[in-house]
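The structures come next, written out as structure tokens.
Next, two complexes with chain A in common: one pairs it with chain B, the other with chain C.
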Partner chain A sequence: MAASEHIVGRGIGNKLILFTVILVAVFWMLPIAWTLLLSFKPNSELMISTASAFQPPYTLKNYTDIFQSSGVFRWLWNSAVVSVGVTAGILILSSLAGYGFARAEFKGRDVIFILVLLGLAVPEQAVIIARHQIFSDLKMHNTYPAIILPGLSSAFGVFLMTQYFKAIPKDIDEAAMLDNASRFKIFWKVLLPLTIPAQATLGIFSFLGAWNDYLWPLISATKPEMFTITVGMASTQTNFAQSEGLGFLMAQAIFAGLPVFIVYLFFQKYIVRAVAGAAIN
Partner chain B sequence: MTDVTLSSARPVAAKRPGGASIGPRWTNALFVAPYMVFYVLLLVYPLFKGIWMSLLQSDMFDDTSKFSGLANYYRLFNDKVFIGTVWNTVLFVVMTVPVFVVIGLLLALALNRSDRTAAALRAIFFGTSVLSVTIVTIIWKMMYMPGNGAIASVMRYFGLDPIAFTTTASLALPAIAITTIWWIIGLPMMLFLAALQQIPGELYEAAALDNASRARSFWSITLPSIRRTMLVVVIYEIVAQFQLFGQAQLLTQGGPNNASRPIVQFIYEQGFRSWNLGYAAAASEILFVIMAVAALAQFFASRKRVEE
Partner chain C sequence: MQVSSIELDSVSKRFGSVEVISELSLTIHSGEFIAFLGPSGCGKSTLLRMIAGLETVDGGEIRIGGERVDNLPPGARGVAMVFQHYALYPHMTVADNLAFGLRNIGTPKDEIARRIEEAARILEIGHLLARKPGQLSGGQRQRVAIGRALVKDPKAYLFDEPLSNLDAALRVRTRVELARLHQQTRATTIFVTHDQVEAMTLASRIVVMNARKVEQVGSPMEIYGRPATEFVARFVGSPAMNFLPVQIRDRGGLATAALGDGSIVETDVPLAGLPSGGELRVGVRAEAIHVREDGSVPGRVEVIERLGDRTHLHVRLMDGSTLIAEDKGFSRIQPGDTVHLAFEGATAHLFDAAGLAYHARQ
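Up next is the complex of A and B:
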């Protein structure tokens, strides 16, 4: 891809660069490898020293303990509900609004669109105290809607979908209009299927964002049974210094990281394309 | 479908009853209405409510609050802990943003190839970004721990005294910065990669014909071509790193002695630990203003440079 590849006499330089980057990449993976290794060590040994990590015995007990005792499964379930809820909500709202802003004219539309774009500049921290107050007044904290709903106000998806709908040639929906189809039918049957790549991008971003969100669920979900996995993993870290259960904690970290990592491996192509697309726009 | 000639048929279509009309219609607003409900109730309203709350003095005992003007802001500017958090956050931004730009760009330059090795390496550097902050901090606690941590073990192996990174005042913030860079270097790398791939290959071929050195083609072709992306990365990272919270809260608890406490942690603790909601709201407005000013300053500075 890079034209420099074709240039003669730069082969050695390129190899040296590649070698350096591979070395850096190995260092990059060390923390995860270390965590993985410790997760297979018995807790009793780690209490004395982690230096034994490279010698047997290894055990799966830390992982089987997760299945038996901890709240990890409840937290994973909560995270799944919240992330699916946020993703579905964002996809529905952003698709409708994106079509509206790109295609369906009404009075004042362009002014409203600019106001929505301004919303992109508002960081979560600027509204979080008031949001907490709103959900307190409604007595809704420690419920799924309270964790899900604030994420649906993000303007990013609307912006992305509006751009995407605008890029679809107008001929396509105008042809459908001649067939006397209603606006909604055109949106649903003709245009929406064309936006599937954008839906995938937005869906993955929303899912990962909701899964990894920390600040809002930390504030809203105060009961352990309503923790998401991200907040739950934070709660297990507090008495970290006493290395009792160190291996168990490492196993939890690995286990909790697995779902997103699998999502990442499966959708890597889309994620990369999504980031690239965001950069070019 | 696309073969239909539309221009002549358009006015007829607009008048046809039952079907969709092309001109403006109020029912078209129904498409954006569902989103706008959320936008207004959970973004616009809380934004103004937050500003209003920052002007109130809340009373813990009878759960009432009264208007107190700018008292909260005045108190913040005289609060050594708050000023300290502003300083820590700015310092953190200064520590991380240049690294994100330089390392992100270097990785992108090195991995801008279409072979499998480069793809695997890109996946490694980007892969850590999908982890949550809580997993990242567990992993890095295991690196930094003074007794049992990986870095301490290596230092001991070489006969050095282990350093307590997260509990030494001068090292706590750099430790958080290193963790953060490890965590999300992949994003700037990907953004730069996307920009590099937009540069036409002929430019480099022409430079090669002129016997331009690698460094020269970098300065006179690559860098000018990715200037816009550079600006995007800088502004994005400034805004993102000002929001530092989880890494600090979980790795160092803001300590030792407030040495690594960022603004958002201050807001969180004032708001949801001490329940000084008005005070926390005022701090969040200040954070908002600082972020906006930093991003705008960067924007105008670079625009000026481009125009020159």
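Up next is the complex of A and C:
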């Protein structure tokens, strides 16, 4: 209450900004609301006209149909395993690498760091054939490691954690050294807890990225039992899905996006902070 | 309570090709409060960090309590350091900050609790133990940082400009508290500062450093009253000592300095020992230059600084040189007035071209 009063309370300029923000937010949410609305409509009615979306009847059949598909829970599970695996892996590796680049002094450190950053400029599509070949040679396709491992090389994660570790004053390490802490203890007990905001940001982006990833799981997972939710959902769509099963399609979209939405709800604070931080910096 | 001496034996330090400490030797006595005083970049913090083990030693030895420590890691040297920016662990409570070092060396829980309680009592931070550093004021953080050192019962305390982040009033208060703390603990203490007032008020001995070398080691009044070099004379004391080029004449074995305008300052500096040729300057502190009707050195007042208990007069002499003289607090002198200055020649010093000082006999 106080915050909203603070925002709108001062002058016509602020009110205009607030109005614009609300307008953009509503505009942004319209497709989601439209998707949600269509997902509750019988497909037969939507075949005639999507204008019927604004009138009853509404139904949950599109959602129950999703559960009829035998693989959906398996795909959800696969997505969860892959997303958690990728997120955990990125957090562990990026933290260790970030600490190393920020604190350890070794020959060629800056060159290696630049090489890592160059990874940001290489699109996935450029390496995907070579990657497919490697995993094929290793006979790893259709396994969790095959879907997870490529996602762990996060140049962005290493960069973010390096910058975050660099921002922590070295006095803190030195105080811990004088407090008889070992190097590992300084990393684990002193510095790592200070990077939690960065970890949360990186974790959220990694989770969302892994959950929504489509291309690599589509290539690597060819057996239905190894599909992630994005690949699985796509596999159920028939040739005439757009015209004959629009409601079902929309329900699939909502269902697939639900876990991401829940993650956002829980970590909203960190996402906003991360985006705001990026804007300020 | 452990109290140990610290010996620096020809210690050297290089950063790349730059030698920042060159064969420096110094003994800090057990229980002594010593200040490393000097401008930024003079090497004082580097020297402290070498003692702490945070910088490697490229030459020489450091001994604490007779034991060589320059090859030991920081935690094994038995010293505690208070950092300029406190360096508290932000995610830990005050109690955990104090306990962290003790836990790392396996101190029993009840002993940790006892030491924290004792430190909290001495520093009056008992009510802050459950808070995190972010919830504390600058002064409170400083106390916690001191507390973290105190609980370790170290062989020596190392302070790296610990007061520079505090506001003026808090700095004065904390200074007094540090002095009181040292009186209680009688622990060997090294205090790095660029603030001469802190060094003068806290330390029993001051090491004045400049350009990576020691200029003078002495008690505060030795440093102030008998500066070894022109740098020390300029750096210690506010306002800085006045320097005027002079010609030297003999006055029964003592040096009489003739200023540029021909006026005379009779010093007690023995003529013997003064360099025979080259330029000499007389150094006189403002409090030794007074406005008097019978003063022999005339000048015109350009700027007046009223400090309450005294007034500083910036005076331009007839030969164009300037100096700062001192007058009483309620001085009626105004800018533009002509004054006559009298020098207390007995407290004057002479400095040669190399900046070396020559004093009156003690």
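In this section, the second predicted complex is superposed on the first by the 225 of 281 C-alpha atoms of A that agree within 3 Å, B and C clash if a C-alpha of one lies under 4 Å from a C-alpha of the other, contacts with A are read in each partner's own complex, and residues count from 1 in each chain.
Going forward, contacts are C-beta pairs under 8 Å (C-beta built on N, C-alpha and C of every residue); 3 or more make two chains touch, one makes a residue touch a chain.
For clarity, every value in this text was computed on a predicted model and none was experimentally measured.
Looking at the superposed arrangement, the partner reaching more residues of chain A, out of chain B and chain C, is B.
When the two structures are aligned on the shared chain, A:Phe54 is found in touch with neither chain B nor chain C. Looking at the shared chain after the overlay, A:Pro193 reaches chain C, while chain B stays out of its contact range. Once chain A of one complex is fitted onto chain A of the other, the partner contacts of A:Ala175 extend to both chain B and chain C. In the superposition on chain A, contact of A:Leu18 is made with chain B only, not with chain C. Overlaid on A, the two complexes show chain B and chain C touching the same residues of chain A, namely 169, 171-172, 174-181. Against chain A, the residues of chain B that register as touching in their complex are 1-2, 4, 6, 9-10, 13, 16, 18-20, 22-32, 34-36, 38-39, 41-47, 49-50, 53, 107, 110-114, 117, 121-128, 130-135, 137-143, 147-150, 153, 182, 187, 190-191, 193-198, 201-205, 208, 214, 217, 229, 232, 239, 243, 245-246, 249-250, 264, 267-268, 271-272, 277, 280-281, 284-285, 287-288, 291-292. Those residues of chain A lying in contact with chain C across their complex are 169, 171-172, 174-181, 185, 189-190, 193-194, 196. Interface of chain C with chain A (complex): residues 52-54, 73-76, 79-81, 83-91, 100-101, 104-105, 148, 152. Contact residues of chain A toward chain B in the complex are 1-7, 10, 13, 17-18, 20-22, 25, 28-32, 34-35, 38, 46, 49-51, 92-94, 96-97, 99-101, 104-107, 109, 112, 116, 119, 121-134, 149-150, 152-153, 155, 158, 169, 171-172, 174-183, 186-187, 208, 211-212, 214-215, 218-219, 229-231, 233-234, 237, 240, 243, 246, 249-250, 252-253, 256-257, 260-261, 263-264, 268, 271-272, 275-280.
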